[in-house]
Amino acid sequence: MSNKIGEKFQITSFGSSHGYAVGAVVDGCPANLELSAEDIQNELDKRKPGTSSVTTPRKESDEVQILSGIFEGKTDGTPIAGVVFNKNQHSKDYSMFKSTPRPSHGDFGWMSKYGNYDYNGGGRGSGRVTIGHVIGGAIAKKLLKTKGIEIISHVTQIGSIKAEKLSLDEIRENIEKNPIRCGDLEAAKEMEELILAKKSQGDSVGGIVETIATNIPAGLGEPVFERLDGDLARILMNIGAVKGVEIGMGFGVVDKAASQINDEYYIEDNTIKTKTNNSGGIVGGMSNGMPIISRIAIKPTPSISKCQNTIDIESMENKKIEIKGRHDPCICPRVTVVAESSTAIVLADHMIRSGFIHPSNLDG
Amino acid sequence: MSNKIGEKFQITSFGSSHGYAVGAVVDGCPANLELSAEDIQNELDKRKPGTSSVTTPRKESDEVQILSGIFEGKTDGTPIAGVVFNKNQHSKDYSMFKSTPRPSHGDFGWMSKYGNYDYNGGGRGSGRVTIGHVIGGAIAKKLLKTKGIEIISHVTQIGSIKAEKLSLDEIRENIEKNPIRCGDLEAAKEMEELILAKKSQGDSVGGIVETIATNIPAGLGEPVFERLDGDLARILMNIGAVKGVEIGMGFGVVDKAASQINDEYYIEDNTIKTKTNNSGGIVGGMSNGMPIISRIAIKPTPSISKCQNTIDIESMENKKIEIKGRHDPCICPRVTVVAESSTAIVLADHMIRSGFIHPSNLDG
Amino acid sequence: MSNKIGEKFQITSFGSSHGYAVGAVVDGCPANLELSAEDIQNELDKRKPGTSSVTTPRKESDEVQILSGIFEGKTDGTPIAGVVFNKNQHSKDYSMFKSTPRPSHGDFGWMSKYGNYDYNGGGRGSGRVTIGHVIGGAIAKKLLKTKGIEIISHVTQIGSIKAEKLSLDEIRENIEKNPIRCGDLEAAKEMEELILAKKSQGDSVGGIVETIATNIPAGLGEPVFERLDGDLARILMNIGAVKGVEIGMGFGVVDKAASQINDEYYIEDNTIKTKTNNSGGIVGGMSNGMPIISRIAIKPTPSISKCQNTIDIESMENKKIEIKGRHDPCICPRVTVVAESSTAIVLADHMIRSGFIHPSNLDG
Amino acid sequence: MSNKIGEKFQITSFGSSHGYAVGAVVDGCPANLELSAEDIQNELDKRKPGTSSVTTPRKESDEVQILSGIFEGKTDGTPIAGVVFNKNQHSKDYSMFKSTPRPSHGDFGWMSKYGNYDYNGGGRGSGRVTIGHVIGGAIAKKLLKTKGIEIISHVTQIGSIKAEKLSLDEIRENIEKNPIRCGDLEAAKEMEELILAKKSQGDSVGGIVETIATNIPAGLGEPVFERLDGDLARILMNIGAVKGVEIGMGFGVVDKAASQINDEYYIEDNTIKTKTNNSGGIVGGMSNGMPIISRIAIKPTPSISKCQNTIDIESMENKKIEIKGRHDPCICPRVTVVAESSTAIVLADHMIRSGFIHPSNLDG
């Protein structure tokens, strides 16, 4: 298995849901970035379970410890190891899942590929491993901030309830005011009701998370195989439960004519801009200076308490399964910070690779 | 710039639209695969321009030469260099594009990032560089065939015209019968008409290409960062003009409940299958043995003869542009073979990485 | 900075001499290898300081904790994070080294490259970071043992005192009987005396460590750029204080004729062998089935208490320095386990890459 | 097989001795470097066979063609494909080597690993593949020259004949005056005589090639696993026939005390220098601003016409072999340009990776 992502700004993730710890080693962050555990903790708190009625009631404090990479309050160029020790790991008997894969859940893959599957709480297949993503993303975001780059993810749809298009300022303000992390406060209420309804039925629901990154210089990404859109698509599709990725208009381009959606250039304040941003800030694999916009389709959490058909891979017999326990009836609100983190990791990596951030010393 | 993709089965692509040649070095193909130039030529012929009314009339024979890697009719484990010499490269004066980026075209990125942009015919930003993808894909497909894996791409939508869902056999048979490479022959006719209408207006139109890969073993891909869906999303998003990627139901999952779309397991003929395949053959980042299904959203070709606003990056003045010349009014039919090739490259790579194909000797 | 090595069996190392912890994440070990903390601890104990008169008296228990990657006593295919918390880190004031590079020590590089140098005990430039190598090496050795491969490193020279050539069995037995880890017990005594003499003079001395790996299958490594000898040379040269690497006869080939040193093939017990092993088990970049033999030249530890000339990089003035403290007067005995570990990491990586060990499941 | 080296400045090599062509794709060279085929040809001419009495009389014009990557006389950031078509490939019957490995030659590895070995002239195991190295090295050297970096390789020993230590200027001047590429003209004569004597005996002899790189900035390389000395050791050990690599004093450090060889710092003209350069310009894995000096031990060419014992791997019987043909009785003179090229590739790669050369645009 390989658990790293990034070329110059690189995350190596480790740990499982019910083992001793989860965490990540973040390598390639240049020296002289001010960084504290609190910077990372703030981001981790956004994905922490048990904080609202729409997330799993599992309680985890998810306190990060930084084991290396910081000297006198600043990064020193060496790898930053961040660890969260699991506290709630022996709460339940998971042995019923040992050889019984849950429908649309990764554990069938784990069983058939590795043959020694830590089935407790999903093991390393658990959403809990995204703590590693968020540790990496928090550092990436802090690094990008030194260049004015900001990244925000918000929920734009749950089930068939869609949020209104809003300004970035409104989104930024409103997502902190509701447990859905949706910018449209009215839609957020309906979304919350829908999620609670699904929860009471022992079911779950999907949605869409949009990510906007601003202040991006033109020229990130490379035109053929290391394209910025390709790298974003990969890291976003790598988030569990994601089944689709769009950049800019995404699937909306399909039934349009070029004359309707081409982004025309113009000059304003001696800067080259485009009148529209249907491209979502990326053309020909490279950023064009406009905001980078992506959207991901998130499926309903597959772990539901409704009765489902499955099999036992040892006895090779058909079986029924009801997955009791503390599951998220909709994972979208907690995915927002993972999408932000993933986007930040790719952008930080490309900022270094393209020469916009010095590879070893931020003051260099 | 980096122009390679793949870890064990690796493509390094080179060349530009109007230079001497385009091609690719394919490294990591194990020895003892029967391979001839004809195997590659057959695939290249599918993307060749000038073959129908709906593609560009530019004529290129696109004949491939294999420079290395084959001994006595079989691969010998060494890198396979395939080259297509350009024949039609001095046909036109492109100097008007030197400092005038075409809307929604990659050339603004090229100009700002590299500062020495071969603007002739789009240079290395041209769709012509996908010849390298197809060389790699042709070899990957031949390699996968030794394990029974087959890959097929077809057009499922042009503009708002959608093809009916058909069996794999029908698709395979029908796509050879129409220039759209659509499995639904009636829809194909309407699509052709739509494309020709757009062409006559000096405009272009987008569409959707679906790719189906069958006979995939369970356990390809890794569960966290080197996921099969992530790697597919990247290589597909890396195809020029693609703005969205879906696996399985894709964005269709958003408004569904888990109980509606979870793929339940059952046993048939001592084999584990799922009743539905909403996951598109990939769960938890790993293949589950079901067909792998992806769809890509392809934007209308941005090069249109309609008048558009743009700028001159040297004089920093506003400008108008009309892009005359031989452009594809819809690139979807020609993208099919590139999507097949890209999918084949990722699958071949993961088949070797996961131990299903021996890394150095197919007979080993 | 990048702190990983290996392609399929991959080590990501972190931590510094006087930070909270040092450790490594070992990724790519297939599932179902029996592994315990004790397996790693046994190897770490070989490099632990303070165990004899010829090493630094600094006391560290160097107890490893495994945070992830083991399920029910066996690896589960997920990354194995091993950590050693530093206990002895606040023992001394190192501020005199803040801007005063020690001759032939890495700290000038750290100062000029990163600009925020943790100078305490050498920071991440300390030999203490080889704990990460040994964590990785211990797992690699255990993995290789399942295929019968054994690796042993021993001291063959200290200063001008050379050990006699001995059988592998004698070496294996004798190195445990003396603090030098030399197979020749008489030479070991002289070496010990020489080291103690240098120590009493406030000076240090160099030496040679040889590594022998047995039961290697033919065909590890690739013939051009990912050669086994190249990869070994890199990882061995990467060990601090190493200034030369030899494979087989090494520099001994220079004044020989081919007819004197070519390794002639013969057949014994239906197995192909070579009469001599001047090639050290690697020809044309690939293993040939004979024992792999390397030697490294280790310089005298540069930290000595004798007065030396240096500079202050802040005031840009000349300066004198006497490096008091607990330094190894000869690092060779403690390098043996690092050389073993490094060799094991490269061999484990190539065993997986070449298809001799299954990439995800040892039982697969 | 993988045939690439380098991370940012990357070479992918292809081709075999008796196939259609040998060559390389050089990727990652920033745009706006003036470059012509002549720049590469000049370097290739240094390794061309048939130019003197001490090399093989095989005649090859080795004319390079550049297929891509140059626009209006300058690199444009896209991959540079360089090809040399083989002209002399059907000269001889090599079938006797099909299943009979030559002692100390790579072909046993090829046979056992890949199972479809192009044995003609050594196939891809031939020294002829270093044409790819030289294509890459020529571009790297041109790129480094823009930063004042110069690299020179010369022969310092053949058999037991050693060259005197000379100034860089003398070496540079003298190596062009003798076929050995040795700076000491008197030693060169003796070396030539020795080689001719060995040749007349149907035998061959080894030697040492030293490489000196000047004007290196401090801070190239990284301190743990991506060290500059490690990367140099790898690429140099990857050259066929190399069995040992030294940096600076190399094996000379073994019997020295630190007080004898530590490189003391001093300040001259406001620049930090070391009084001696026993470290060879690299300390702690990073360059320190002094010239980088390496030496490689080159074994006598294993292909000799003297009778040797070997086996037939098909019949599994013992056999005798006399390798007639046009072999280099000493490969050292022709290795010099390969060592220069290899060193240049590593330095160019690290110059980009460390931020000293812009990754995409030399004028950027």
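When the chains are written out, they are named A, B, C and D in that same order, and each has its own residue count from 1.
Assume a residue touches a chain if its C-beta (ideal position, glycine included) is under 8 Å from a C-beta of that chain, and two chains touch if they have at least 3 such contacts.
Since we're looking at a predicted model, the values are computed, not measured.
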Pair joined by the larger number of C-beta contacts - A-B, B-D: A-B
Cα-superposition angle relating the copies subunit C and subunit B, to nearest 5°: 180
Approximate Å spacing (C-alpha centroids) for the pair subunit A, subunit D: 46
Approximate Å spacing (C-alpha centroids) for the pair subunit A, subunit B: 27
Rounded Å distance between subunit B and subunit D, as computed from the means of their C-alpha atoms: 38
Multi-partner residues of subunit A (each touching 2 or more other chains): 1-4, 13, 113, 124, 219, 354, 360, 364
For the subunit D and subunit A complex, residues of the former touching the latter: 7, 219, 353-355, 358-360, 364
Complex interface listing, subunit D residues touching subunit B: 1-4, 10, 12-16, 19-23, 25, 27-28, 31-32, 65-69, 71-72, 74-81, 83, 113-118, 123-124, 360-361, 363-364
Interfacial residue positions of subunit A with respect to subunit B in the complex: 1-5, 11, 13, 101, 103-110, 112-113, 124-125, 129, 157, 159-160, 198, 201, 203-208, 218-219, 221-227, 229-238, 240, 242-259, 261-267, 270, 272, 274-275, 278-280, 283-288, 297-304, 306, 308-311, 313, 316-318, 354
